[in-house]
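Each of the two complexes below includes subunit A, the first together with subunit B, the second together with subunit C.
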Partner chain A sequence: MKRIFIREEFCIGCRLCEIHCLVAHSSSKDIIKVFKKEKPRPISRIIVEQKGYNSFSLQCRHCDKPYCLEACMSGALYRDEKSGAILQDKEKCVGCWMCIMVCPYGVIKREINNKKVSSKCDLCIDREIPICVERCPNQALILKEV
Partner chain B sequence: MHRYDKENDEVVSQEEACVGCHRCVTLCPTNALTVHKNQLQFKSHGNWTDWAIRNIYKQAETGGVLLTGMGNDRPYPIYWDHLLLNASQVTNPSIDPLREPMELRTYLGRKPERLELDLGREVLSLKENIPPQLKLETPILFSAMSYGAISYNACEALARAAEILGIYYNTGEGGLHPNLYKYGKNTIVQVASGRFGVHKEYLDVAAAIEIKIGQGAKPGIGGHLPGEKVTDEISKTRMIPKGTDALSPAPQHDIYSIEDLRMLIFALKEATRYRKPVSVKIAAVHNSAAIASGIVRAGADIIAIDGFRGGTGAAPMVIRDNVGIPIEFALASIDQRLRDEGIRHQASIVVAGGFRNSADIFKAIALGADAVYIGTAALIAMGCHMCQKCYTGKCNWGIATQDPYLTKRLNPDIAVERLVNLINAWSHEIKEMLGGMGINAIESLRGNRLALRGIGLTDTELNILGVLPAGR
Partner chain C sequence: MKILIIGNSVAAIGAIEAIRSKDYSHEITVVSDEPYPVYSRPLISYLLAKEIKPSQIYYRSSDFYEKNKVKTILGKKVNKVFFDQKMIQLEDGEKVYYDCILLSTGGNPFIPKLEGIDKQGVFCFTKLNDVKRISSQIEKVKKVVVIGGGLIGIKAAEALKKRKKEVIIVELAKHILSLTMDETASSILEKALKKEGIEILTSDTVKEIIGDKEVEAVRLSSGKTIYTEMVIVAIGVLPNIEIFKESGLKIGKGIIVNERMETNLKDVYSAGDVTESYDLISGQYRTIPIWPNAYYQGKVAGSQMVGDKNYIYEGGLMMNSIEVANIPTISVGLVNPSSKDGFEVVKRIDKLSNEYRKILIKDDKIVGALFVGNIDRAGIITGLIRDKINVKRFKKDLVSNTFGLISLPQELRKERLYSLR
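For the complex of A and B:
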């Protein structure tokens, strides 16, 4: 199982992870089109927290004991057997947002216009390396086997 | 520099503050940014250039000395570009370094007068003890850059890269952070005029000790680390109070003659029980050859010479741009002088000051150097874009700064990889050039000026360099 590890000592707060996450999860996958044309603009599944010179980017930890999965009454959240990632079946989501309430890291967000579906990191399940890890200019995010 | 204007919903840049560091250009995800030179010109004048006029404005405003960073940027001749290399054709076969072994290993230190073998024993052995040597896998070292002038992350990257490469880095006059003691066998520690961070352990963990008399960027001038850069860690490492200016005096106050230098060299040798070579670093100045001869006679095992292109974290511009001589001339005249006096074997020569590529290094070795210090090139490998603003302490690449916002921009893991790549690439190129000449060891190139020919040089210049003109 691979997980994203944060090295806050090297996070420079540039927020490129947010930008690339948002583009990778958009319909056009084109950075210019996403920002100029896609309405509503998709939201990033990664959050950069910053206070003073300390900063780090945080995304779903894909917990061993996921509160969100326990709280999901419709069964929209599930664990992917192969990768161990917590994924979401958008069809099943009813928009109760309990996952948002229970997430201890605050990394699940609602999608702005689609009131039903919440948005969370899917570990870029189709890519070999998650886009945030790949594009971090300072290797502040690394993918490691756990 | 860049700021978001909420009212107009646009990003505004404050052009006059741009130093051309290219940080924004490099990070912009859409490649939308570029940096152009401001087209605004003063009326063209051969003598009163933009540069001359602007400097007067600055000084008229501030009444101060103009400061600058990095090495001399004035358009003086670069003699490396006037030297051409030889290659084998027909009569002496060239060697393919990918198929045959090539030796770049270099030993720095005093060599014995002669080698005498003890034939009496079963196993051949030397009669005399070889003085302490530094073993380099490739004839390149990282120049002295102090913790203070550069960030901790940059120091760590240099140390780790030196260990991987089997070469050395130099602490400069910044002391040695205890976390870096573990790289001691790849560390040359400096003892300079301020004696910052010099203590028993500092000398003990190092592989060699360097006495710094002068620096190519500012010969005859001391150092000045502003108080705001003296953070907690730096104050502990340098052994000075936090927040105070770290002033290195211009001279070493206990050295006023070659005899005084000899006392310090032997004090350091004594303190380290004659187990470590002692180097003396000087800036290349007009009478370097005579000085170098004195330094060797004073007992130095290595002489480091820093040419006028040598870099710095901060120096008065007038000094950086006008004092010193090109390293090519200094090297050629020192090597020749030491040979003429029959003392060349007593010390290795390491040269520094603006080495840009493997060809410069190769030519330096052919001119007589044993190895080359690279500083600026190493910083560029780590990300430096040569904006020459090191003296402001606001290095955007996290190298020449202590600002916690900026230092974290340099991830040592990435920097180490890039430094290792650079030195490996240059080593490959050096092997290719050696192979082309039909020689398989850097030792056969050392001081072999017949491998060089000059182009576009006057007779006097050729004479000083000791090389023939191209075609001869």
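For the complex of A and C:
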């Protein structure tokens, strides 16, 4: 199984990962259209943390023993058998925020655009390399087999 | 091995999924008095409010039992248990034998012995059948009194408000949500609920339900009389231990379990709201009737039954996430200690946006946290509580609105990023 690893000493805080994540999860997949026309604008599933000169890009760790999966009362969260990623059925999610309460990384966000749902990294399972890893200019995010 | 599970909610599912992640050789049978495939009890308020489709109440897909090779006996009560004979007897007399049993019978609503409690129009609010019963009456009802301003009472009240009913909550304590919130948080939420048009009466309770056959009014201990056509009883939930009382099981408030979810009897396991288990914060045994705890306990029980020792129950943590009048809130651990001795409090309140955050610290470790209005990144705090992390060096940052893993000292951050599960 492939997982994203964070190398914070290489992160320059450019936040390109956030932008590309947002575009990859938009309906048009077009950076200009997303920012100018898509309303509500989709949200990035990444959190860039920054304090002084330190920064890093954080996304779901797709844990072996995921707290979110146990806490999800609607049954919206599940593990994709092939990739091992923790994925979400947005139709089922009711926005109870139990996953936010238990995730020790704090990587699940609230999305309150059309309907209240939680929003998390899907490891870009349709792509060979997750977009944030691919577009990171400084290899602060890398993909490794675990 | 023949595995028998009594109860068909989240703890049972946790066990089934844990067992089947290892192998398919064991026979699994689930018995429940409810006729439905597994559904999410916390979603019943969403169903009543018509915020979800009826099919969305179901927690797993319709082929769950078939796919997991689980035999179901649904809609039948267990009459008696004979642990010495490794057998249970159903209400129709049928005997079911097992090698290993999981007791996950959940909780039952507490119903006070009130005058008039058996009148038509009095309902509980914990199960799918409760919603069905309430829904069948709801069209002819204008006004509802909800007894109890806890989580269930508030959810019921809001759902009924969304169905355009007049709703009055009657709460015995000084504030609503008194077990999971503090006064500041409760006040914010009470104001918001009142703004939505829900009436709240605190420091008061229903003394008597009046009516001929059907509910016509309630009389409160303050002397007030409220005319109403429906009463929802939402005072609390107690472990469903009735059938185990004379069985030799060690029971306190709930069935007492160890870190492997074993009871005092051999080959008898228990999980979920029916148990009394170790609490991480108090160090005592108590009931921790919350969804994540039930799933995990079920998972531990299932794993242990089939010899997978990877999962151990290290202790539970009381926590709740609830939106009240569209304000998200999260409460974890101890937020309202009876004495303030020995506790350090860090908090931040924004009067304009009504955002409130409070962290309770004891001996440099977080023991409780409260988030109102903004719950972003709350789980990081939950993780610090669960793992008993010393927070001395970054205490002040805990309630900052920029708090994140970056607020942790680098070596601790790296440890938490790479050594968690």
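Definition applied: the second predicted complex is superposed on the first by the 144 of 146 C-alpha atoms of A that agree within 3 Å, B and C clash if a C-alpha of one lies under 4 Å from a C-alpha of the other, contacts with A are read in each partner's own complex, and residues count from 1 in each chain.
Please note the rule applied: a contact is a pair of C-beta atoms (placed from the backbone, for glycine too) under 8 Å apart; a residue touches a chain by one contact, two chains touch by 3 or more.
Remember, it's a predicted structure, so these values are computed and weren't measured experimentally.
**Student:** By the touch definition at the top of the document, which applies to A:70: first (subunit B), second (subunit C), both, or neither?
**Tutor:** Touch status of A:70: second partner only.
**Student:** Report for A:58: first if it touches subunit B alone, second if subunit C alone, otherwise both or neither.
**Tutor:** second
**Student:** Looking at the overlay, what does A:87 touch: subunit B (first), subunit C (second), both, or neither?
**Tutor:** So A:87 meets neither subunit B nor subunit C here.
**Student:** Considering only the touch criterion stated at the top, classify A:103 as touching first (subunit B), second (subunit C), both, or neither.
**Tutor:** After superposition on chain A, A:103 lies in contact with subunit C alone.
**Student:** Considering only touches as defined above, state whether A:16 meets subunit B (first), subunit C (second), both or neither.
**Tutor:** After superposition on chain A, A:16 lies in contact with subunit B alone.
**Student:** Could you tell me if A:138 is touching subunit B, subunit C, both of them or neither one (first, second, both, neither)?
**Tutor:** first
**Student:** In the overlay, work out which of subunit B or subunit C sits against more residues of subunit A.
**Tutor:** Partner with more touched residues of subunit A: C.
**Student:** Enumerate the residues of subunit A that count as touching subunit B in its complex and touching subunit C in the other.
**Tutor:** No residue of subunit A touches both subunit B and subunit C.
**Student:** Name, in rising order, each residue of subunit B that touches subunit A in their complex.
**Tutor:** So the residues of subunit B in touch with subunit A come to 26-27, 29-30, 403-405, 408-409, 411, 413-414.
**Student:** Using the touch rule from the top, collect the residues of subunit C that touch subunit A in their complex.
**Tutor:** Residues of subunit C touching subunit A: 10, 14, 40, 42-43, 46, 51-52, 56, 58-60, 291-292, 295-296, 299, 319-323, 328, 330, 332, 375-380, 382-383, 386-387, 402, 404-407, 410, 416-417, 420-421.
**Student:** For the complex, give me every residue of subunit A touching subunit B.
**Tutor:** Touch residues, subunit A against subunit B: 7, 9-12, 14, 16, 19-20, 31-32, 53, 135, 137-140.
**Student:** Quick check: in the complex, which residue numbers of subunit A touch subunit C?
**Tutor:** Within the complex, subunit A contacts subunit C at residues 6, 47, 49-51, 54-56, 58, 61, 63-67, 70-71, 73-75, 91-92, 94-106, 108-110.
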